[in-house]
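To keep things simple, chains are lettered A, B, C, D and E as they appear, and every chain counts its residues starting from 1.
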């Protein structure tokens, strides 16, 4: 095990211990800060009996489905659009101000409009997550192109590459490190929009579980939901980093 | 005016026109989708008489104060921590997994805990915004260091630079382009957390105004709030980009 | 001999600064090699970059009669600092231009293999470019520019990082390509011997001229020292001295 | 003459690949210049990088008796591809090492001004580094390494992008610094003339040796052609031929 | 102002709902300033009882108004608070509406339909109770939605019915008919209302202040009884809505007043139970049955939950 791993493990053990001690000694109110055992017990209960009559796997499954379809959709659209916007002034003029405008608007503020346009089904939820994920990837695309050494594009044109070829063979791989950071940010951001997305007209999903539990002050369920979301995020990020190491072998050499 | 500017202007004019037409022809319900004139009228009214007995400038002021203190705090802490985490395995082992863990957790899920720990005053709101802004900057710092050509660090050490000097003179400027992207993402993300932050126990702020209006179906106020938030975000981003152009004069040359 | 490249009153400046090139003229004929020499910082790369279409210019600059408006596949370029694509391996870098021209994979591969052999890097086809030595990188950059057989090659100190022996081989390679194919070259070099060996004509700039101050026909092209008689060697020496004086005046 | 750098059974490999250097030995004495020559890709830069402390190695490698564990200020380095900091201007780049050593601003400035003059770039102190020509960049990199007066300088083809005249000036500059200050140099060059002019000793590698195959004392250090008699010139020519044969064997 | 513990109270923090209720009237007419001349009063608006509960728990507020269902949650979660006031009893201001022309005449007809309501609210409880009575609790799809989202979903035709309150109701009514409202349900013992909780610690340390707080709100109740339109216009101004809207909303609610509240009709006299307490006990049982809270508090627990005015000196 590397030194880094050891430190990480130690940090988490210390935190767990601290949690245990704090709740054992009743240093904070148990109402909203349940003991680790209790969270574990809740987990087992929900694992076995589900929450609100819906099995745990279904909650997890629907949440993951919403997330992944949103993120995938965001990658597929934001990568080409971001890169194109970094390359071409025309595309930039068309889309950049729109993205920069909607980007800071809180999803909770425009959710009502989404419902008005897309109804209360899955689509409005996925679109909300999609919009959250889109912006960081788009931005990373634009910046990835702008930070790329101009010589790459110039030499590609000298070699007779067409715009499309430059896009695929030079701009895309050149911006890939930046895009990966963007995607990792996007995953985080769309995860963290999950509760907002599942807050409306929902009766399933991990995000909804957290919200519902918080309404009735069921703190152990809330904690469980938080731990699940954090853990899922951690796992996804780890996978992305592994992929990145494989794909971007030239990192730090450029 | 550059071609890009012209296109941007055209896009917005078309959108405004579309908005006008859609509401004129009553293609969507006026309750949730007010006409542009009405939004303008609301703006004038709020500008003159305030909203909920509080002048417009105070709403704007408190929101900006919350935002800026959170973003400033995030920059001051996330930049050094992100860079250090990119440089040193020890720091990375200590903080990276924690950041990656909390990052995907929806603010709405842990807001309850923040309220419990920090009360319902300004601090819990600012901390929420701070946490939202921290992650993208931190991530950008780590990646900025990792994407930096290793020769820069090697030659700095050959020139006798200490760790601290390398940090300030090589790593920091070298990661600056990436940090700027991170800060721009962070501004967007913390803006979009604004409504969540001002949702609880607030009676002022643009985010609160939107929430309050939405509860009472004052759609023109909602739209106004959305436009103000979007416009503010646009403005801030524009300022950041100007700053970036000045500061990072070597962009695309590296 | 028809003129391939014509620069007439060419002025180049970076931003708002004083021009680096000022009203300079240059003609590169079809199938000739112009060797460009001059002290460091005089503007050689600037001239080459303008011809390549990398930087904006004022005045006239045409290739085969058409104004140069940007990079194009008729003008192969080797940068002073090789800009190989780190995400491609050696073979993929060399084959880039051929793939861009949508050559069949077999054709691409055959040409790449041939070029790898010419630049002495057989068996290194699948190395990552950042795992190459400086000289290897330079050779890959040359092969990449050669691959699509452009009618004009712009080479900015292409052999700067090569040892004497490899350098000689590459010079001979250039000459043989030039003899076999209908190709023109602009070769920037800081090595007068190289200029004398390769150039059909030798163009000279000085630190302060901001123009070509002379373009001299070179009678010694392709002739190695052993081929020359004693007298010829002396004349060549004098010619070289004259160039040196021109450059550093 | 005491040994400053001692490499004993030095082996260097990149990752899991076959070693690039295999059990090689090298000594650099205090106040000597070792010129390292060899064909492109043979491992010259690899050796230099190991001594600089940039890459891990097996075997013994010491400076003044202490094992080399990483880059340190005693070993100034000029990379083959200059890695100037683009966020600093020319003067700030040159002054970097002095600021790192916390010299007073006045001292830093005085030294920078002196060095700018030595490398022929007076008046360019505040240029951005990406607005420099290739040769100018190389000179700034040399000045940056020289500035803190390290006892050992590791130079990887430092003059590769310089025209003959500037190159000669820089060679002479190196020699005069070497004569005045107690400094050792490892100089990689692909130019045998340069090796003969600068080197106290000349170390040779070949494409396949993975070691230094010879280190020859050089009687021609610091002696320009006009200084040499006809016989000496011939002897020098022979010496050079011998080196060539060694390199390309 | 010194309390029994000898500590000076310089600030009282009050969590409020932004509706035309007694707090709004009292604020607008300066009752609070008159009653607490030595204290700074800080009013903090909460969206829902959920947030108000968190604020009470963190000590961020001393008093907070919320729906009684959230009061049950507070008791069940053992938040150290007491119920000191009923602000209003819900009536026609909260109702179950269905789309006109959807062929729904009775609650039973809702089987198989989509119904939206804000979860954890009084409306939620009323709806659940109505559905249970009709025996179709498991035959409908319930959707948790904010009021504005209910309007949006309604306009798209995504939902067939909604249980919600004013002013949202008014937005739905053009295309809707009222199936039943909270007044109907109250007649069957399913009473809901908005209540004010006080932190136990505060109530014990400063009984005088708590007493005065209740009296201040009672003033508003009395005003309403004597001069309804004065109360309406005060509330309208405070909340920032039109007189018409305020009137409509206030007509739908009952404001019991202090003498009624601390009697068996509502909270019960000192130590004994009252009708509202019993209704809340049933609410607790119902919610426990729905597993929204883990255990139902007993009636005695509810009795203890009520702030005891009678014990005051």
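Keep this in mind: a residue touches a chain if its C-beta (ideal position, glycine included) is under 8 Å from a C-beta of that chain, and two chains touch if they have at least 3 such contacts.
Given the structure is predicted, the values throughout are model-derived calculations rather than measurements.
**Student:** Spell out the chains that contact chain A while also contacting chain D.
**Tutor:** B, C
**Student:** Can you give the whole-Å distance between the Cα centres of chain D and chain E?
**Tutor:** 83
**Student:** On a C-alpha centroid basis, what's the spacing between chain A and chain B, in Å?
**Tutor:** Each chain's C-alpha centroid was found; their separation is 16 Å.
**Student:** So, what's the distance in Å between the C-alpha centres of chain D and chain B?
**Tutor:** Computed value for the inter-centroid distance: 49 Å.
**Student:** Where the centres are mean C-alpha positions, what is the separation of chain A from chain E, in Å?
**Tutor:** Computed from C-alpha means, the inter-chain centre distance equals 38 Å.
**Student:** Counting only residues that touch at least two other chains, what does the list for chain A look like?
**Tutor:** Residues 29, 32, 112-113, 116, 149, 199, 211, 214, 253-254.
**Student:** Taking each residue of chain E in turn, which ones touch at least two of the other chains?
**Tutor:** 54, 57, 146, 148, 151-152, 155
**Student:** Do you know which chain D residues sit against two or more other chains?
**Tutor:** Correct list: 81.
**Student:** Can you identify all of the chain pairs that touch?
**Tutor:** The complete list of chain pairs in contact reads A-B, A-C, A-E, B-D, B-E, C-D.
**Student:** Chain B touches which residues of chain A in the complex?
**Tutor:** Within the complex, chain A touches chain B at residues 2-8, 11-12, 28-29, 32-33, 89-90, 92-94, 96-98, 100-110, 112-113, 116, 132, 135-136, 139-140, 143, 146-150, 177-178, 180-181, 184-185, 187-189, 191-196, 199, 207, 210-211, 214, 222, 225-226, 229-234, 236-238, 251-254.
**Student:** For chain D, which residues count as touching chain C in their complex?
**Tutor:** On the chain D side, the touching residues are 14, 37-41, 44-45, 80-81, 131-136, 139, 156-157, 160-167, 190-192, 244, 247-248.
**Student:** Can you list the chain B residues touching chain D in their complex?
**Tutor:** 149, 151-152, 154-162, 165, 169-170, 173-174, 176, 248-250, 253-254
**Student:** Give every residue of chain D touching chain B within the complex, in rising order.
**Tutor:** On the chain D side, the touching residues are 52-54, 70-73, 75-77, 79, 81, 83, 85-87, 96-97, 99-101, 128, 130, 144-145, 148.
**Student:** Over in the complex, which chain E residues touch chain A? Could you list them?
**Tutor:** Checking each residue of chain E against chain A gives 48, 50, 53-54, 57, 73-74, 76-79, 116, 119-120, 141-146, 148-149, 151-153, 155-156, 158-159, 287, 291-294.
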